[in-house]
Structures are given as C-alpha cells and as structure tokens.
Amino acid sequence: MLTLTPSKKRTLFFVAMGWALLLIGDRIGELRQYQGSFVAMYALAIGSIILLTGYSGQLSLGHSALMAVGAYAGALSINNLHLHPVIALVIATFVAGLFGLLLGFGVARLSGPYLAGTTLALAVSLPTLANQFPILGGEQGVVFDVGLPPARFGENFSQYKWFFWISCLAVLVMLWLISNVVSSRYGRTFRAIRDNETAAALSGLNTGRLKVLAFSISSGMAGLAGGLLVMLISGVSPSAFPLSLSFSLLTGAVVTGVYSLKGVMLGGLVLVAIPEIADSLVTRIGGSEGFTATLPGFLVSALLILAVIFAPNGPGKLLHSFKKHG
Amino acid sequence: MIKLITTILTALTTGAIYALMSTALVLVWRSTRIINFAQAGQAVLSTYVGYEITVRSGSFWVGVLAAMIFGALLGAVIDRFFMRPIFKRIKSGPILMIAPVVATLGLLGIIQSIIGFKWGLTYQSLAAPVSTDGYNLFNRVIAFSPFNLLVVVFATVSMLLLTLLFQKTNIGLALRASAHSPEIARLSGIKVDLTRTLGWALAGAAGGLAGMLYIPSSYLYPNAMDVLLVFGFVAAVIGGLESLFGAVAGAMILGFAISFSTSYISEKLFFPMAFILLIVVLLIKPAGIFSSKKSRRD
Amino acid sequence: MSLVVENLIIDHGAIRAINAVSFSVPTGKLTAVIGANGAGKTTLLRGLSGLKEIKSGKATWNGDSIVGKKAENLARAGIMHVSDGKSVIAELTVKENLALTGLWRKDKKDVAAATEEVVSLFPILGERMSQSGGSLSGGERQMLAIGRALVARPKLLLLDEPSLGLAPLIIDQIFNTIKKFVTTMNLTVVLVEQNAMGALAIADEGVVLNLGRVVAVDSAENLLKDPAVRAAYLGY
C-alpha cells in the first residue's frame, strides 16, 4: 500500500486541481474563461489577506496598493526591459514582496487600528503617486500585454484561454508554495503569534521578524495577483486599484473564512459572481439609474454583513464552532 | 506673503473639518474600540437630511440642526441595534480584529446604497449661508471666504462645547470613566451600555456637522465624505486615538502638512502627504503623538 | 438580611472555577474567603458582582437573587465590588475617581457627606484630590478603590485582595481601616485574601476555598486555631 506524507498529498491535490482546470478550460466558452481567470486572480489576492490576517493576526486595508506595486513592476519588466511575461509575473511577485518587506519593517510592530490606518493611507496615496513618474504613464497608465498564445497551441487557442491558463497556473503554483509554508514550522509560529503574541515572544520566537516575514509573503502574493489583474484588463493605471478593491478582498476573505486558505476559490467566485447577479437582477426588474448603479454595492455590503453576523469564522468554522462550543 | 497667509488659512479650514471627523472616530473608538468606517456614510446621510430640511425650511441653520440631530439618532440606533448584537456573537480570534472593520465597511456600503436608491448618484449642491467668495487682502482675492471663517468658528465652538461636556459635567465623567475602564465604571454603577450609545450619538452629531460644513464647498453625493473619512482616520491615528485633544491636534497637523506641501511643493502631494506624515509619526511614536500608553495593543 | 450562596457553579473558560460552593454571610459581619492562588476566590467575587456569568446555583442578597443581574444594577443596589489590581482609573483624578459612585445617586448632599467621611478615613486621599489616579502609590490606590466604593454607601462590600503587593505596614493600616468601617458603617463584607493570617485576624467568619470547593467554614477564631488550616494556609 502506498502511504503519502501530508506534503505529497498536498502536491497531488494541486496537480489534480491543475488537471481539472485544464479540462474545464477546454469545455467552457470565452466569457467563462475570462471570468475564471478573474476568479483565480481574486482567489490569490484573498489568499494573501487570509495569510496575513488569519495566520499572522495582522490587518491590511492596503492590499490594493500592494497589487498595484506588483502590476507596475510587471508592466515595466515587459515594456521597458522586454522580459518574458512569465518572468515579468515572477518579478511582480518579488518586487511587491520586497516592498512589503520594507513596509513591514515600518508597520509590523503596529497593531490594530494603527496598522489599519497606515495601510489605508497607503491604499489611497500610492496609486496617486503613479502620476508623479512619467515612466508609469500618469492617469492613462501603461499597457500590460502578455502577448498572443504560443503558435504551437494551434489557431483555435484563444487569447482568453491563454489568460485562463496563465492565471490558473500562476495561482496554483503560488498557493501550493504558500500552503507548504503555512503547514511548515513557519506556519505554526505564525499561528502562535496570532493566538498569543506575548506567549510566543516569551517562548523565544522573534515575533517582530516573523510578522514582517508574513507581511512580505502576503505582499508578494498580492503583487502576483496585481500582475494577473492588469494582464486581464491589458493595462495598468491608478484607477485599476481603488480603495474599494482592498475592501472587496476583505469581503472575500470573510466570506471564505479567515482561518483557512482552503476556501479561497469560493471567495474569488463570490467576488466575480456578485456583479453578474446584480446585473441580471437589474435587467429583470429594471429601475432607476440610481438603483441599477447602486445594486452591486448593496449586494456586496449585505453579503459582508450577513457573513459577519452568521458565519464570522467562515462557512467551515460555522459547523466546527457548533461542535466545539456547543 | 499672501501665499503664506492663504496657506495657513486653508490649513485651518481643512484642519477644522478633519478635526470634526477625527473627533467622531475617536468618540466611537474610545467607547467601543471600533474604528467606525461607516462614519463617512452616517455623516453623508445626515447631510442629505440636512440638505432636504434646508431646502424645505429655507434656512441653512435649521438644516444644520436637523443633520446633527439625525446624525446623533442614527449613531445611537447603529450602536444599539447593529454593533451590539454583532459583537455579542464574536468573542475571540483573528476575526475579532477584522470583524469591526468589515462590519462597519459593510454598513458604509449599505448606507451609501440607501442614499443611491433614494437620491440617486447625481451631484447636488448645497448653498452656503454666507458668501463663498474669498476675502480681499491687499487688493487681492485670497482663497479664504466668509464661509471658510464660519467653518473654523463652528468647528472651534463645537470642540469647546464637547470639551466642556467631557471635563465639566457628570455625563462627561461617566463617558470618560467608561472609555478608560468599562469594568471599573460598571462596578461603580455606571450604565456603560448607555454611555457607549451616547458616544456613538455624539460622534454621529459631529459627523452631521462636518458634512454640513464641508458640502457647501464641494458637492453632495453618496461618496462625498469618503476622503474625509480617510483623513479623519489618519488624523485620529496621528493623535493617538485616545483623546479628543489628540484628535484635534492630529487633524491640525495633517491640515498644515497637506496645505503647505501642496502649495509649496506639488499639488499631487495631497494624498501621499497623509501617508508620509503617518509613517513618520508612527515610526517615532508607534501609538500616536498624544498617547500616554507605551503599548499599542488594545 | 444576609448574603446566601448555595451550590454556586461558575466556569472560567473550560475550567470549573467555582464548584458547588455554599456559604452565607450574616449582615454586619466580615467574612474572609481564604485559599491558595487559583482556588477560585476572585472568580467567586466576580460572579457575585455580576461581572462573570453564574452557570448554576443560587445567590441571594437580602432574599433577592443576584444571579443574571448586570454589574451596574447590582452596584446601584448596594453591592460594591472592589476588584483586584488596585482598581483605580489612572486617567482620572482622585476626586473624579471618588465621584464615580456618586454620579447616579439622587441624594447629592449625602454623596458629599460620604465623600467627606471617606477622606477622614483615608486622609492621604484628601491631599491627593487633584492628582491623577495613575500617580498614586499602591497603598493609596487601594485606599482610593475602597473609598470609591464607600461613597456609594454600599450595604455589601466585596473586597478582592486588598493586601496584594503592598508593604506590611500599609497592609496593617488598610486591614485596620476595614475593621473600623465595618463596625461603624454596619457593612457586610466579603474579604477575599491570600494573606490568610491578616484576613482572619479582622474577620468574624472564615471560608476556606480549595480548587473551587469549600473545604472549611467556621468562625475566624476557630479557623486560626485549626491545625489543618494553619498548616495549609498560615504556614506554621
């Protein structure tokens, strides 16, 4: 009989996921491929929030800005350094991670509202800084083009399928890496810090350094998600990263459940589905302009509140907590 | 010279508005340990009510009063029927840290949607009760109008009244005791549930006033006060979150930093300056300038 | 007229901190609750003052149940709890700290009179009136915390470890003052103490707690003589 270590099981799971997505990609239309790419991108971005909040106990409202950092880094690598798109996405990850590392040194010792305030200010100020540098293209931004799918995939291989492949592969690889990290010694120490920072410090953990590390990894994930986002909209500009993006990610994280990375796809799905649902509702019932423009925001907010009230620890923990606390 | 004077006066005007928002945030933070992101929505909804009343009564002042009363009631209702039930259910874990943020953000979205449903997304303008044309100084029109002066005076007077309430009255003492130590306050027989609702109500009134003083220089739309919320929050954090004095001082520091950097260096520094200032302050004093506490944990 | 506790159960997280505890405190008497660290003494007081949820059992004061009541309402009904850790609000002045328990009382004249009595009981507080609570010494804080409770003219006083962390001389002074006001003010007092010797010396009755259970109830005099109690809690 074949026995598998947990890490091998995880790897096998991700390979199976990849295989499944490959098959799914062949069977769905271009619109669904495009939406699927967004789901994957959001899942990764939500994962970055969960890693930070659920695993290391920090709160960030600035992940939209970190995504912007990755996006601009990726765009510059393609446009100015003429690097391969895949390398550009790797660079997006590392540049955002490095940015997060530097920022982490400044903010990781902050807690609660101070961290929230700093990251909030980052989210509103960083995109406006892009206007200061001509190389970033000002309000118009710069293009982000990963190019056509390689010719060997054949003529029927559409651009959207190419997006879908890149997004899913990038997200699976990244989440596989992260799931290895969180189930390693680092993951356990992150959780120890989250649950009781004083106790963790007393047992000899360098809590400050570990929090900075978590912040940096989370930023890297956000950077990659940012790179994917601008690939999908084929350009990067300050307006692609509004503060509301940070809030959407928080919504996704709460809906997924901040304790576990396992449900990130669900969070991504919800973020993509809500505007769709709102649109179809609007076309069905009609209404004033104010109503139609406001409905998606209303649905997101209502979902957020319902999630906090009825499943504050995520859908998985809802059942778990019933068993535990009676 | 004129530029310097204008810059200072602009700093005072913007600082006064930030101060009202940061005070509102600090009032809620002190009484419930929640950063109330819905404040922007509450304030803007109160301003819509004030706007309607102004239009109907023909008096801006009746509108201000209506906005403040509505803001206070709304704040009290939100605390009593929204925040309190939610936080009875959530007791521990990382969700405790993001639940307040998420709940108030959700509420912000709901309030802004309600405004969208009721008034639409179009920009409305609210006429100022006094002239918004700049004063003449040395035969030059400066960017400071009688209305700006009124804003500064109103904000100052309301801050003074609030300080008197807190420092000189029994209710103020109960509010301070509940803020610093809810447990000791309860053991002393103070109804802490009531004082926290009162904190929310005062914050709501401050937000309504902020809206009525800010909107005449801008436009009224559902997201009209989002930026003010961010700056009010930054100011509150700079001031250390715990004291009203800190909130006002933080707002003034922010107002001056933004006014001077945008007028002397670059207009584009409007947003980045808030972040730069915040980082500098928190690197030196991780719990804000006017915080006596050594620890930043709450 | 008395405090009666029957089969009280209070949980502290997963731990049963108070397990089927029964005792009664007659009016006008001082009862010392002694026991080692972790015996459940503080949890017992927090349950009686409404800070901690009582899982089951009965607790009545003058025949009225105190189970499930809010702390602030119990305080207004005359049950004053001076919690441990020198419960003083550091950010408020001494005067403001003392005023807290008078805020809700209708009879403002009596509040003023009670405040004066407290100041004559602890003269040092009179000298420190405009200082912040945070600037006081440990002993002064304890006096302020007890004084604040007395301003409310309580009928039942729950004192949690007033001697904790204080110098022996100050402990004597505080215990003597407690003894003094119990007799002059006709108060009923539950005094929780690790300092068993000092507590039993001024108490009328004693309750010995161990791991959440009552192991002995007797007059303070008898407990002081009991060899088992002496060996376990008095150290000789």
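Order as written gives the chain letters A, B and C; numbering starts at 1 within each chain.
What we mean here is this: a residue touches a chain if its C-beta (ideal position, glycine included) is under 8 Å from a C-beta of that chain, and two chains touch if they have at least 3 such contacts.
Chain labels with UniProt names: A, B, C = Unannotated protein.
Everything quoted here is computed from the prediction, not taken from an experiment.
Asks: From subunit B (Unannotated protein), which chain is the farthest off, judged by mean CA positions?
Replies: Between subunit B (Unannotated protein) and every other chain, the largest centroid distance is to C.
Asks: Identify the chain whose mean C-alpha position lies nearest to the mean of all protein C-alpha atoms shown.
Replies: Of the chains present, the most centrally placed is B.
Asks: Roughly how far is subunit B (Unannotated protein) from subunit C (Unannotated protein), centre to centre by C-alpha average, rounded to an integer in Å?
Replies: Each chain's C-alpha centroid was found; their separation is 42 Å.
Asks: Hey, how far is the Cα centre of subunit A (Unannotated protein) from the one of subunit B (Unannotated protein), in Å?
Replies: Comparing mean C-alpha positions, subunit B (Unannotated protein) is 31 Å from subunit A (Unannotated protein).
Asks: If you average the Cα atoms of subunit A (Unannotated protein) and of subunit C (Unannotated protein) to get two centres, how far apart are those centres in Å?
Replies: Between these chains, centre-to-centre, one finds 54 Å.
Asks: Quick check: in the complex, which residue numbers of subunit B (Unannotated protein) touch subunit A (Unannotated protein)?
Replies: Residues of subunit B (Unannotated protein) touching subunit A (Unannotated protein): 29, 35, 85-86, 89-90, 93-95, 97-99, 101-103, 105-110, 112-113, 116-122, 222, 226-227, 230, 233-234, 236-237, 241, 266, 268, 270-275, 278-279, 282-283, 286-288, 296-298.
Asks: Quick check on the complex: what are the subunit B (Unannotated protein) residues that touch subunit C (Unannotated protein)?
Replies: Listed in rising order, the residues are 170, 173-174, 176-177, 180-181, 183-192, 292.
Asks: Considering only the defined contacts, which subunit C (Unannotated protein) positions touch subunit B (Unannotated protein) in the complex?
Replies: By the definition above, subunit C (Unannotated protein) touches subunit B (Unannotated protein) via 49-51, 70-72, 75-76, 80-83, 87-92, 96, 99-101, 103-104, 148, 152.
Asks: If we count contacts the way the header does, which residues on subunit A (Unannotated protein) are in touch with subunit B (Unannotated protein) in the complex?
Replies: 53-54, 57, 59, 61, 106-107, 109-114, 116-118, 120-122, 124-126, 128-129, 131-132, 194, 197, 243, 247, 250-251, 253-254, 258-259, 288-291, 293-295, 297-298, 300-302, 304-305, 307-309, 312-313
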